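Presented below is the structure to which this report refers.
Order as written gives the chain letters A, B, C and D; numbering starts at 1 within each chain.
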Amino acid sequence: MEKVKVGILGGSGYGGSELLRILLFHPRVEVCLVTANEHAGKRVDHVHPNLRRLTDLVFAETVVSDELKALDCLFLALPHGESLKLVRQLPERVTVIDLAGDFRLNDGDVFEEYYGRPHTALELQRQFVYGLPEINRQRIASARLIANPGCFATAVILGLAPLIESGVTQGRIIVDAKTGSSGSGAKPAANTHHPKRANSFFAYKAFAHQHLPEVVQTLRAVNPEWQEGLVLQTHSAPMVRGIFASTYCMLRRPMTSEQIGDLFKRYYHDCFFVRLVGESPDVNWVKNTNFADIGWAVSGMDLVVFVAIDNLVKGAAGQAVQNMNLMFGFEEQTGLVFPGGHP
Amino acid sequence: MEKVKVGILGGSGYGGSELLRILLFHPRVEVCLVTANEHAGKRVDHVHPNLRRLTDLVFAETVVSDELKALDCLFLALPHGESLKLVRQLPERVTVIDLAGDFRLNDGDVFEEYYGRPHTALELQRQFVYGLPEINRQRIASARLIANPGCFATAVILGLAPLIESGVTQGRIIVDAKTGSSGSGAKPAANTHHPKRANSFFAYKAFAHQHLPEVVQTLRAVNPEWQEGLVLQTHSAPMVRGIFASTYCMLRRPMTSEQIGDLFKRYYHDCFFVRLVGESPDVNWVKNTNFADIGWAVSGMDLVVFVAIDNLVKGAAGQAVQNMNLMFGFEEQTGLVFPGGHP
Amino acid sequence: MEKVKVGILGGSGYGGSELLRILLFHPRVEVCLVTANEHAGKRVDHVHPNLRRLTDLVFAETVVSDELKALDCLFLALPHGESLKLVRQLPERVTVIDLAGDFRLNDGDVFEEYYGRPHTALELQRQFVYGLPEINRQRIASARLIANPGCFATAVILGLAPLIESGVTQGRIIVDAKTGSSGSGAKPAANTHHPKRANSFFAYKAFAHQHLPEVVQTLRAVNPEWQEGLVLQTHSAPMVRGIFASTYCMLRRPMTSEQIGDLFKRYYHDCFFVRLVGESPDVNWVKNTNFADIGWAVSGMDLVVFVAIDNLVKGAAGQAVQNMNLMFGFEEQTGLVFPGGHP
Amino acid sequence: MEKVKVGILGGSGYGGSELLRILLFHPRVEVCLVTANEHAGKRVDHVHPNLRRLTDLVFAETVVSDELKALDCLFLALPHGESLKLVRQLPERVTVIDLAGDFRLNDGDVFEEYYGRPHTALELQRQFVYGLPEINRQRIASARLIANPGCFATAVILGLAPLIESGVTQGRIIVDAKTGSSGSGAKPAANTHHPKRANSFFAYKAFAHQHLPEVVQTLRAVNPEWQEGLVLQTHSAPMVRGIFASTYCMLRRPMTSEQIGDLFKRYYHDCFFVRLVGESPDVNWVKNTNFADIGWAVSGMDLVVFVAIDNLVKGAAGQAVQNMNLMFGFEEQTGLVFPGGHP
């Protein structure tokens, strides 16, 4: 059985770390290249000691070289803005999965508003498919370029797509989302300084989170008639991994919890990684896994939907591998079926 | 300077623990009695080792005895339902501050719906004043019986009162509230088992939290014209102390952040314990203190208000002492001015 | 490829939970039976929601029935003392791996001293092999009954065996060991109540931990000439998973760090799950894995050895499966090669 | 009642933060000056939001100006090495309490070995008194210059002084010490990055911690006949505040727990801030306080002593204020009697 030759550009951050954790054990993959400029020449397991004994890979520099031509699939886990510079130079034969936000948004103006820089490769952006398999499975399977969704966006869209598709909501939707500290990346910073972050809780980026427009864009693709607004408020929780999104909708007419459940079951009937839970999910149950756990409660016309994912797995690296599986014709869950711990 | 003689019925839980932490150092108070049936006869600092060297008090049994007649003020920190049985037997001369939910609700049907038992002393309930000083300062000062607010209710009401009073909102309001594990009390339970609670995040009591009706009742007293609904969703966060409430409102017309700030400044201009912060508050900054930190952000007609309090202080014991200060004519902040730690 | 039919008696605790997490994905195993008296008839994934979508197993009652005869291997993850009552009744053809302390100690008096009850099956105990593969690999491979080591004992023995074998230490050895809260089990208790355990640190069971005698017994088997004492002091750390043991030895003569390293390398040269690290290990790097990371530092004749393991994996369920692999002739690491997360 | 005019040089770190938290509420103190070069001109409560509403102070620059002459007492909470440069220029009339390590060690060679730079003011060092009140109360009371002890050193010395003084131990002593992340300061760094530090445990600075020599120097002053070695191993625990030190001694002859207790009681009979606890202390009980809780256990000739302190209070700022109290003739506990929280 021939293996897919993959490379990871930007393998020293948490996205890269998770890609390695998954891809090194993927039965259909050979990891041929991992780059990290600041660690070039260093063993990968010196930077990711969890991988000691499990790999002899050495970090290369992040350059576009002939070496890339030998690859089948390239994961870009670079800082926002780097893919934009790089993608045009990549060999045509290589499929690309970009974990950054550079190619998620169709609208250049919206991109500039939320990312603070003009988009310099919009014509290329047209070729990218938004890589949320539960929404876009068919298009992903035949794509060469994938824009892997943002972590918050993954949670929010999964919680709303069945409702938006069936048009059962009215008015603007409120999403109150909470994330663990790993979402801020591997570089120490004030808001992830342990003395500050442990035991704390605070909100950030009010009305300005860059994942909002990809949520709206995707939900409008699910149902073009949905034109209502959506408020996405992000919060920092004192945990390392996990996103928990609470989504508040007004229904058009009273529904029972079972009716809501039917919408979700129908929409996700063939989705291995979506688990519908009868009560609230808990980030602990999805931690370190590619599952998205969804629960809900209803009272008259008020509906609240709860979604829990691991921001680094279903919200980043795991979803990227799920996309790769689809693109290369593997079973969607290949290499991704591992349970979280309890506790 | 004569001191107020106080007693605490139910001094072994976290509410009682915090009352002791504050009252033992209050310059106008002498703690004469602390009860805890399961610890009767035991030194208080055996149950609360943080108080070693700081008190020689010994737990008494929780009984209505003649001893109570010598007291000026009685704090009830008993399980829900116990005050209901007890209050009628208390000596008339003693002021009472009840930290439980037994006497907060005016409507017996609503009480029964949310607390699962009929209210058996509604005529007495009429004499209780809802002890949220920032809302009810005058009435508290002349009351003999105080129903100390719930922790969530305190945070939610403080974040909404200025908006409701001025009538600037329209439609139903969404409150997404998060609490630390100390809110569940001192008794070990499944949801506060450390292996489960650490690193976790989950929702609970959807559309059913018992603090909802006291929020609605109080806001309608602030502005009887406000008849819109309010959704209160509570969540368990992996921290010990603190409540963080994110409140989402639709404004009647677009307002600036400064205009919102003016409403809050006017409403709270003489409120020592309310601090208006330019950005999101953080539970870390209010932990162990009686402060309520309030921040907000606005975008067109969408407003989000953030409130952080310590659930055991401003959300329980600190507020109870603030009420006592008002009732006995002391300065409101007496014995309550201590900063939180940093970190 | 025929699969080994395994059963788990006592599948609702954390040991059972980890066994399921590993065995359900073990390529050579079929899990045929899981018991838990308090959950009999309930789906396994209702008790372990991390396993939703991954198993349809239902808990059976913990009884010795004919059903057991169809099994090849039985894991006992019962409370201490239960195996003692049960083992004699188990079918002879079934191999047994007991995760409790019931059959670890050869000396009935020592057992009684540390476990507070007389040993009622000492003749059976003689047939048990102490299941620490890095020390006892050969004997395990041909055993039918395995006493799986305690979590602290695993860490302490792995850190000391190479030193004791080569006789380089003198005098009594001090072990300062720290554990996460999951070591106390799945049942809520005072010392694992989140408000108490989070942010805390304390010692417990001074000079009395029941893992001490199995450490001494095993090290004396490694080198019968070693007759010095060993102090094992256990501490509770505010984390969920992980044991970190710091072991202080006086050397007979000054040695370099390299010389110490050579001892460890030689002793563990064929041990996949022991990783020698140049600096201190970190429980984060071994969390959720079967690895034992060992580091050390030396200054003249003073040596300190640091060992980090996951108490539930290498300290319990993972090691049990490692034993099963040896007993059934599989590669030692089969089903156990998964990396920890980073972060 | 005239107040002592104090200044804090270096008020933006955690040491400075704690000094402010205490001194702003000290009944005999007026805080006249706080400096922080990077925040000069900024309000203090912008950097320490826990102090909002509690101070209007503004950070000044850290320069030796005439302004200092108006002060009575100066706290230096500067990075290591800065006091060394500064102290000679300070006005003679001002008492100085230095929280850094610059003036703790009498021996220039030892200083250079542990701090990596030559000591350039040894003649001045002779005038500094080591500010551990429980050991040096008399000398502190008449000193003008105080070297405030290190946080680990405080815990270790308090646990050993009664034993060393009475000469009951033999052989080298092992100290296994654990600290919270606040001990690493307010500046974000790799080892205090929340995703790494939460849930982790690791050792650092084996045989090389700079607090070791001040422990040895102080214990030898307590009993010049004590010439045995001491191993101090420091560890990072996943908590914010607190040091927990476990100290292992061999006694010269068997002693009972009561006999050990008598030694401690006698030595600390007039020490308000030392609390002897019958079982292990817990950092939770001393968090945010100036207390040092000490427990112990004995088995034959093996003794283990446990000490818990808050590294930022008794281990830094609280102890500094305790020293100030002694120097200015106040009661030792003035402004320092606040209980920790429970929980």
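Methods note: a contact is a pair of C-beta atoms (placed from the backbone, for glycine too) under 8 Å apart; a residue touches a chain by one contact, two chains touch by 3 or more.
In this text, all values refer to a predicted model and were calculated from it rather than measured experimentally.
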| item | value |
| --- | --- |
| Reference chain A; chain at largest CA-centroid distance | D |
| Chain B-chain D separation of Cα centroids, rounded to whole Å | 36 |
| Between chain B and chain C, centroid-to-centroid distance (C-alpha), Å | 46 |
| In chain A, residues with contacts to at least two other chains | 14, 182, 186, 195, 198-199, 238-241, 282, 284, 343 |
| Chain contact topology (line, ring, star, complete or other) | complete |
| Contact set on chain B toward chain C in their complex | 14, 180-182, 186-190, 192-195, 197-199, 238-240 |
| Partner chain A, residues of chain B touching it in the complex | 171-172, 174, 176, 178, 195-196, 199-204, 206-207, 229, 231, 233, 235, 237-242, 244, 246, 248, 250, 280-284, 287, 295, 297-299, 302, 304, 306, 308, 343 |
| Sites on chain C touched by chain A in the complex | 14, 17-18, 21, 24-25, 48-54, 182, 186, 198-199, 240-241, 272, 275, 277, 282, 284-285, 288-289, 291, 293, 312, 337-343 |
